[in-house]
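Chain nomenclature is as follows: A, B, C, D, E and F, assigned in order of appearance, with residue numbering initiated at 1 for each chain independently.
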Amino acid sequence: MMRIIFLLSLLFALSNASVQDFCVANLKRAETPAGYQCIRPMHVKASDFVFSGLGTPGNTTNIISAAVTPGFVGQFPALNGLGLSTARLDLAPKGVIPMHTHPGASEVLFVLDGSITAGFVSSANAVYLQTLKPGQVMVFPQGLLHFQINQGKTPAAAFVTFSSANPGLQILDFALFANNLPTDLVVGTTFLDAATVKKLKGVLGGTG
Amino acid sequence: MMRIIFLLSLLFALSNASVQDFCVANLKRAETPAGYQCIRPMHVKASDFVFSGLGTPGNTTNIISAAVTPGFVGQFPALNGLGLSTARLDLAPKGVIPMHTHPGASEVLFVLDGSITAGFVSSANAVYLQTLKPGQVMVFPQGLLHFQINQGKTPAAAFVTFSSANPGLQILDFALFANNLPTDLVVGTTFLDAATVKKLKGVLGGTG
Amino acid sequence: MMRIIFLLSLLFALSNASVQDFCVANLKRAETPAGYQCIRPMHVKASDFVFSGLGTPGNTTNIISAAVTPGFVGQFPALNGLGLSTARLDLAPKGVIPMHTHPGASEVLFVLDGSITAGFVSSANAVYLQTLKPGQVMVFPQGLLHFQINQGKTPAAAFVTFSSANPGLQILDFALFANNLPTDLVVGTTFLDAATVKKLKGVLGGTG
Amino acid sequence: MMRIIFLLSLLFALSNASVQDFCVANLKRAETPAGYQCIRPMHVKASDFVFSGLGTPGNTTNIISAAVTPGFVGQFPALNGLGLSTARLDLAPKGVIPMHTHPGASEVLFVLDGSITAGFVSSANAVYLQTLKPGQVMVFPQGLLHFQINQGKTPAAAFVTFSSANPGLQILDFALFANNLPTDLVVGTTFLDAATVKKLKGVLGGTG
Amino acid sequence: MMRIIFLLSLLFALSNASVQDFCVANLKRAETPAGYQCIRPMHVKASDFVFSGLGTPGNTTNIISAAVTPGFVGQFPALNGLGLSTARLDLAPKGVIPMHTHPGASEVLFVLDGSITAGFVSSANAVYLQTLKPGQVMVFPQGLLHFQINQGKTPAAAFVTFSSANPGLQILDFALFANNLPTDLVVGTTFLDAATVKKLKGVLGGTG
Amino acid sequence: MMRIIFLLSLLFALSNASVQDFCVANLKRAETPAGYQCIRPMHVKASDFVFSGLGTPGNTTNIISAAVTPGFVGQFPALNGLGLSTARLDLAPKGVIPMHTHPGASEVLFVLDGSITAGFVSSANAVYLQTLKPGQVMVFPQGLLHFQINQGKTPAAAFVTFSSANPGLQILDFALFANNLPTDLVVGTTFLDAATVKKLKGVLGGTG
């Protein structure tokens, strides 16, 4: 009994010394450059480390016949500070995750079902294009334009992971056409013609 | 035509400026604290960014009824410097990935098939234990002891990702019993009795 | 004299201990994820820390009426490992630095001459657009699409700095149209029409 | 006098520009992934940079005949953000700091008194074992299982430093036996027999 | 119309996932080791990314005939977390930015006007000294003593950038002579004579 | 026996996956910004993790009555990549470690013997001065001017640790007076008078 008491007092002292194995995000408080403030460890439950939002296919009944379901720190607060986040991609036949970048992370994609043709373009403008089957993994380096497309005849799905709890996602068409960036500036900086820009702004809800 | 020439000369100048979007590992050269030296970009092919080693279940006909198939930088050199690596877990019924740590990375696990009971222990000795079904994701903070076990009746599998190209993997039983660490030191530092230590050393091929 | 000898022996001992205040790149050796290997300090000269390539305007007699002159680690090896690089922008009237990203760095721009209209688009597709005059500074967060344009009547110039020795530079039009990415994939992932894609591929030297 | 005024106004301007040489932790506020929030510099005293808790031996009258006295950020708030923390180890003859890891830091150990036998096990299960005398230093790489033991006849002591303000400390026996992790899961993931597990749970206050 | 609705709902979902492209500092809240807490993105304006304080020369009518105008995170909150900050140097003829260090950043200097003689000293006590003309860039590695001086006959100016939002600035003479560090300690640790120390303390407002 | 074979084959597979728990420096090969290239793990011995150079007092029979004995990566190659280094300070009565900085690391000092008066100056020119006795620890934030002095009557010694394998060491007097930095530039940038500068250059072996 004496031994237990001695040991537990040692345990207590050491536990006080051990902090921040993890830092589950308090999404209601201000962020910092390194992520969200932490919930106190005493309020963290085992279930906080589990995210169930990626188990079912996203709705692909839309213009891109595809869906991105994020499991970033905003959806899965336990990722805060751990340098990882997740998402699920679903692509109906002919579905496409349009050209996009993640400004803050590299990405690995694991094909769950179907066939996915994926590619990225380097700073040197070289194209790295591959068609993947289930179980194959592809890596996309940080910040480079990339896309995924289903050229097969059955639905495709993938589980993706990022090297940041908050990788960001900049979809090219939305960045160019779904806001109030003036048409003449889009034209001037992309060499697209004004008619094309205005048409896509119309489709995507942009103005200007 | 003139315009093309001008543009291409601009292109050329700028391409020279752009380096190291990626750094595919040259596994034959010495490592550095930040990873392997890079293959020259001109020798990098699209297929280098794809890893096909995780598409089929590992062999679970072994003492743990389970298999870990790594897709770390050693197997998938394009991961070098990108802060990510991958692996596949297969667990037959009653299979177990024994208690272990990754000294250099946090981990996210995505259940592909079956049911996986997973847990980790914090520095404060709290246990975070969950039983996961397909599509669920669990995160394991860096460096903490954790395990996965299949308590279901069908095979289980998971795709896991780490926050480092080279997360390390220290399996507790191998660290304690599969080397020449003297029995008396194992006994003295773990409070296990000598008979237990010697028995496990016997099973795992350890000496001392 | 004795004192000097003692001190110099101390000096010698301490100098041995001091390494890598800087790591001037050896551009002929393989890179690593953290940058180039270092030239030996004894071969480093004071002039290695100076770069003279940004003192004169770049040639703006081209299709974009603008020029980017990089002073990245490839041109200015002393930047290696110091987390900084530089460039000069020159824009004739109506000149434009087309929509682009730097996958590996944030950027600050200091206007030297003329007027520069600059903008970036966030992951949330919000537009941050400003017209700058000489002496003003604008910051562009890492990895986001941005551009600079001269809407004034006189030449404009800027000195820019990046938060990495090797920030990368991905110019949107070059990434989409100046390589062999198949037209149908460009169409499918950008929602541009095939005629537009083929026209721009023609101008920019792309194929496919 | 004029000169002083000019200089002091310069001084004032520049001092405003200089912040966060240090960030003494405010332990009462929420943590972030990068550490605690800072106390305002005006409230920081010279004595905040001194920690006096390691000057006397810890109490070794316990089951391990040893003591770990931490000087982590929780005890020594000035360490916050500086990438360092400290501790003192005391080992009576036959004392042992049991097998443990620091999930978030590497460690250097400087022997103050007596003889310390220390070892760590690598991911490749290799054992690195050494017996140290006063003045010797040993380094333990991040996240690997290690231990210290006094095989001499006199008390031993060491000053240790970690590469993080908050290295964490996971003691193997406490992680396995001093909490509610079910016996069958401990058995299943460690290959220890149930009797051994139950006995150690009994000694260490664990349940399940 | 249906398509727009589908797309916008996708857009909405994805925007929720994207956070912290930037983290404009809330200077009224406590700092953290990684910088200030962020203003909410909805309150961030395009003009927050522009700093106008460097457009006009600083007042050089002072003892050093020079001025440093900082554009650090304290003056330009959008820099928070982006790893960059800025300043302007103005040096009248014979003006000098006295010997100083930036404890937290490397620096690049771009000469705007005039001639600047700049130098730094390495840990090995080697001197790297250069005289720069407009358009030349010099880099100063982190933490090393350096200075700038105008040996020409016309005013000189430079735009400088640092590899941290908060580089710090420790001016040697102020550190030694403009505070209450006792004269005998200054003498003892610098080998200057007491008369020199007292004289400079007098000029710079120091005591002790 | 079968089980052992299965387990060992698993062990073999996993060991291949585990790399770079440590990266013992190969001092003969070129450095990188992240440190030295690694010796192959098979050539690393247990004794590589031990450094014996700090066990005996340095020779204090010199002008400063003090000695700094470094245990940086150059002396102790196992520190490479682990973010830590060490040194020993010895100060005879009236001994002084002169005013200096470590450009690349914070420092913790543990007093072994005697009394040490230590101080540092912040960017805001505030002085943090303390007199320490054996067992006390003081932390010195990265890059700031600091010093240690023995104002007691008995020898003093300290063990210090840095937050980098290669912290650098810039001793103020050596940087100013022990090289060929021209006297007029030293005078101009420090406000010391020429006679003082020339005298100290004479003592310390400087020229110019």
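The rule we apply is simple: a residue touches a chain if its C-beta (ideal position, glycine included) is under 8 Å from a C-beta of that chain, and two chains touch if they have at least 3 such contacts.
Computed from a prediction, not measured in an experiment: that's the story for all the values here.
Number of steps on the shortest path from chain C to chain F, with steps defined by chain touch: 1. By number of C-beta pairs in contact, B-D leads when B-D and A-E are compared. Centroids of chain C and chain E (each the mean of its C-alpha atoms) stand 21 Å apart. Centroid to centroid, with C-alpha atoms defining each point, chain E and chain F lie 26 Å apart.
The centroid of the Cα atoms in chain C and the matching centroid in chain D are 42 Å apart. Note: centroid distance chain A to chain D, computed from Cα atoms, is 35 Å. Of all residues in chain B, those touching 2 or more other chains are 11, 18-19, 21, 32-34, 103-104, 119, 122-123, 125-127, 129, 141-144, 168-171, 174, 178, 203, listed in ascending order.
Interchain contacts give a graph that is no line, ring or star and is not complete, per the touch definition above. Chains touching one another, given as pairs, are A-B, A-C, A-D, A-E, B-C, B-D, B-F, C-E, C-F, D-E, D-F, E-F. Chain F contributes residues 30-34, 61-64, 67-68, 70, 72-75, 87, 103-104, 166, 168-171, 174, 178, 203-205 to its touches with chain C in the complex. Looking at the complex, you find that chain F touches chain B at residues 3-4, 6-11, 13-14, 16-21, 23, 26, 29, 32-38, 40, 80-81. Across the interface of their complex, chain D is touched by residues 11, 15, 18-19, 21-22, 41, 46-47, 49-52, 54-56, 71, 76, 78-79, 82-84, 86, 105-108, 110, 112, 119-120, 122-130, 132-144, 159, 161-163 of chain F. Contact residues of chain F toward chain E in the complex are 96-99, 101-104, 117, 119, 121-123, 125-127, 129, 141-145, 147, 149, 168-176, 178-181, 185, 188-193, 196, 200, 203.
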